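These notes are about the structure you will find just below.
Just so it is clear, A, B, C, D, E and F label the chains in written order, and each chain counts residues from 1 on its own.
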Amino acid sequence: MFSRLFASTVTAEAHCDLPCGVYDPAQARIEAESVKAIQEKYQGNEDPAFRARAIEIKEQRSELVKHHLSVLWSDYFKAPHFEAYPNLHTLFNDAVKAAGAGGTKGSNDPATGQALLDLIAQIDAIFWETKKAAA
Amino acid sequence: MFSRLFASTVTAEAHCDLPCGVYDPAQARIEAESVKAIQEKYQGNEDPAFRARAIEIKEQRSELVKHHLSVLWSDYFKAPHFEAYPNLHTLFNDAVKAAGAGGTKGSNDPATGQALLDLIAQIDAIFWETKKAAA
Amino acid sequence: MFSRLFASTVTAEAHCDLPCGVYDPAQARIEAESVKAIQEKYQGNEDPAFRARAIEIKEQRSELVKHHLSVLWSDYFKAPHFEAYPNLHTLFNDAVKAAGAGGTKGSNDPATGQALLDLIAQIDAIFWETKKAAA
Amino acid sequence: MFSRLFASTVTAEAHCDLPCGVYDPAQARIEAESVKAIQEKYQGNEDPAFRARAIEIKEQRSELVKHHLSVLWSDYFKAPHFEAYPNLHTLFNDAVKAAGAGGTKGSNDPATGQALLDLIAQIDAIFWETKKAAA
Amino acid sequence: MFSRLFASTVTAEAHCDLPCGVYDPAQARIEAESVKAIQEKYQGNEDPAFRARAIEIKEQRSELVKHHLSVLWSDYFKAPHFEAYPNLHTLFNDAVKAAGAGGTKGSNDPATGQALLDLIAQIDAIFWETKKAAA
Amino acid sequence: MFSRLFASTVTAEAHCDLPCGVYDPAQARIEAESVKAIQEKYQGNEDPAFRARAIEIKEQRSELVKHHLSVLWSDYFKAPHFEAYPNLHTLFNDAVKAAGAGGTKGSNDPATGQALLDLIAQIDAIFWETKKAAA
């Protein structure tokens, strides 16, 4: 089962600013899934101590989403990409805002977590199109 | 193309210690791929300044691998898992060591990066087996 | 008084992944003592703002405990140690779990802080036995 | 222009994602000044140990520049700003790239530090125009 | 006094421990302004979730104030400065305490944020006197 | 053996800024021992890749020393202590400088590591005197 799983994400990717050339929107997505899951648990638990922890951890995971998105935007995507996808800057800006004070940081509503995931999915789609085009 | 990509990683997962319930060995794997890519670039570039950066960044990415593996080992896997997979502790310990001073931190040989990836792949296989069993 | 204090901890130790060869379970223990002290202060102060701070800080100190324990487990202890102490993997796994969501992170009961300290004390005892054996 | 630009910084500002409402491009600029100063010291000192430290520290300060710029771009600037300044997205993207692998991280030439400072000065000018317009 | 104080900040500066030679009390001040702004928002919003975030973020910004002040005290100021300004040690110690548990970390009263800003302003004044004297 | 070891450090202590009331100069000392050990390994290994790692790690451990010392100076020691020990401010300032650019960060000579340890030992002695006086 394992090899099949990898078969479909052949060149799964991440980043660093050497650059190593490894990028993958999955990093942002996984953290965003965590954010949404935290929001759901928050809604289902009224204990103040639990909620304080949930808020704190959600803040950190949202910040990680912002970081991973910023890396893609600043390190992976180049001028030709932004020309080919005129809305790409706005899409990224919307996404980092969706993980900020006006989005998942400031809200405990799972709908904001889902909205963030939807924006990341759009970025992911463009990312893999550009990877295919470059292959 | 995007939806197909997600179709195969339906329950892609990560972590936090709320716990949010989201875990995914992909986090460790992606950083390890970065580590190996850095080692390959190191071998292909003799500029001392580049190599100093490569060593520093590889150190950080290796540390992230260790962190992500520690999270899986301490937060996701429970006593029944360790009983079902008697070598699981050793496998994890080997993997974190493979990302440490005796592995990718201490060496610039891509073979050590590959050895780390191989160990993560074994962990990943067990992880998804346990997820399937729990489904 | 000072020299006597050091006399008894002659080879007091810590870590880094050079490795420098300096390790000391005291690092984990001190943070765990902080965790327990925070839990006690939490129980004695009902101000919501104080409690929010206590929860946040306890989360961080618990994470430091997990980090310091992971370092000992991955960097200091080697295969022969795990053979000599068959329960060592389980002991470490129990300890990091005791500092996690099911332990001091998730609870404000000082009993969980003490349980964590007890596990660290067991690790500490084994650590110093192995140091003595290696001397 | 630079001195005039600072003449207006009476209530110099920064950020957090509460949001506190405090922002200030000075945070990015100060780190970029540090980056350029490091590059100059690097050029004037051939000791390998000094240079290794310089590279490492420059990497960190460059990362801080990227972080501070990302905060302004994602948290302070809103849709109306991006409409009023059509090149603002590109300006920010150029600036974070100028602090990355193709800029001050990857180079020890102070000219790259100055190029980064020039881009930050352009952002700073727009920032204060928008602050004045909102006053 | 405040505006006059800033009139002299022509070449505002920061730090790193290369050292790059760039220092600027503005780094501490900006974070302290954020702390005070957070306290004001805290007073104006009784939502428990908002307040939990405010407390957490204020803790981080206060810690940054302490860090930036510690850098000035340990890296910029030298023995001759401490001789010329006999109260400088006490001033710094008061300031870091004002950003700690007995100050802005432990309190949500904006008066503590202002008290911190006043102490930083005193440090800032001395800083620029020493810079002028060294010019 | 374990209990005896703890018997001599009865109230071993650390910190956080709740405050939890737990402080211990051992935290700074352990990191400083690591710094000195790294310097010794640096002197005994001419491999450029090893030395690059040693410099980077030593930078981090030195920074941790500075952090732990700053905590003691800002959080544990109060005005009466500084009156009782008139040289305490200078002692701390000398110690953090000894872990900085002019000390263990900037040098690979183990003598600078030892000088740092000697200063920490002086702080440690005063610390335990004040603890005994408060008991």
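Definition applied: a contact is a pair of C-beta atoms (placed from the backbone, for glycine too) under 8 Å apart; a residue touches a chain by one contact, two chains touch by 3 or more.
Listed by chain with UniProt protein names: A, B, C, D, E, F = Superoxide dismutase, Ni.
Values in this document were obtained by computation on a predicted structure and should not be read as measured data.
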Other chains in touch with both chain E and chain F: C, D
Chain pair, B-D or B-C, that carries the greater number of C-beta contacts: B-C
Interchain centroid distance [CA atoms averaged], chain C/chain D, Å: 40
CA centroid of chain B to CA centroid of chain F, Å: 33
Distance between chain centroids, defined by C-alpha means - chain C, chain F (Å): 19
Residues of chain F engaged with two or more neighbouring chains: 17-18, 48, 52-53, 56-57, 59, 105
Category of the chain touch graph - line, ring, star, complete, other: other
Chain pairs in mutual contact under the definition given at the outset: A-B, A-C, A-D, A-E, B-C, B-D, B-F, C-E, C-F, D-E, D-F, E-F
Complex contacts: residues of chain A adjacent to chain C: 48-50, 52-53, 56-57
Footprint of chain A on chain B - complex, ascending: 1-2, 4-6, 8-9, 12-18, 20-22, 24, 26-27, 29-31, 33-35, 37-38, 41, 53-54, 57, 60-61, 121, 124-125, 128-129, 132
Chain C-facing residues of chain E, complex: 48, 51-52, 55-56, 59, 105-106, 108
Residues of chain D defined as touching chain A within the complex: 17-19, 59, 63, 66, 70, 73-75, 82, 89-90, 93, 96-97, 100-101, 105
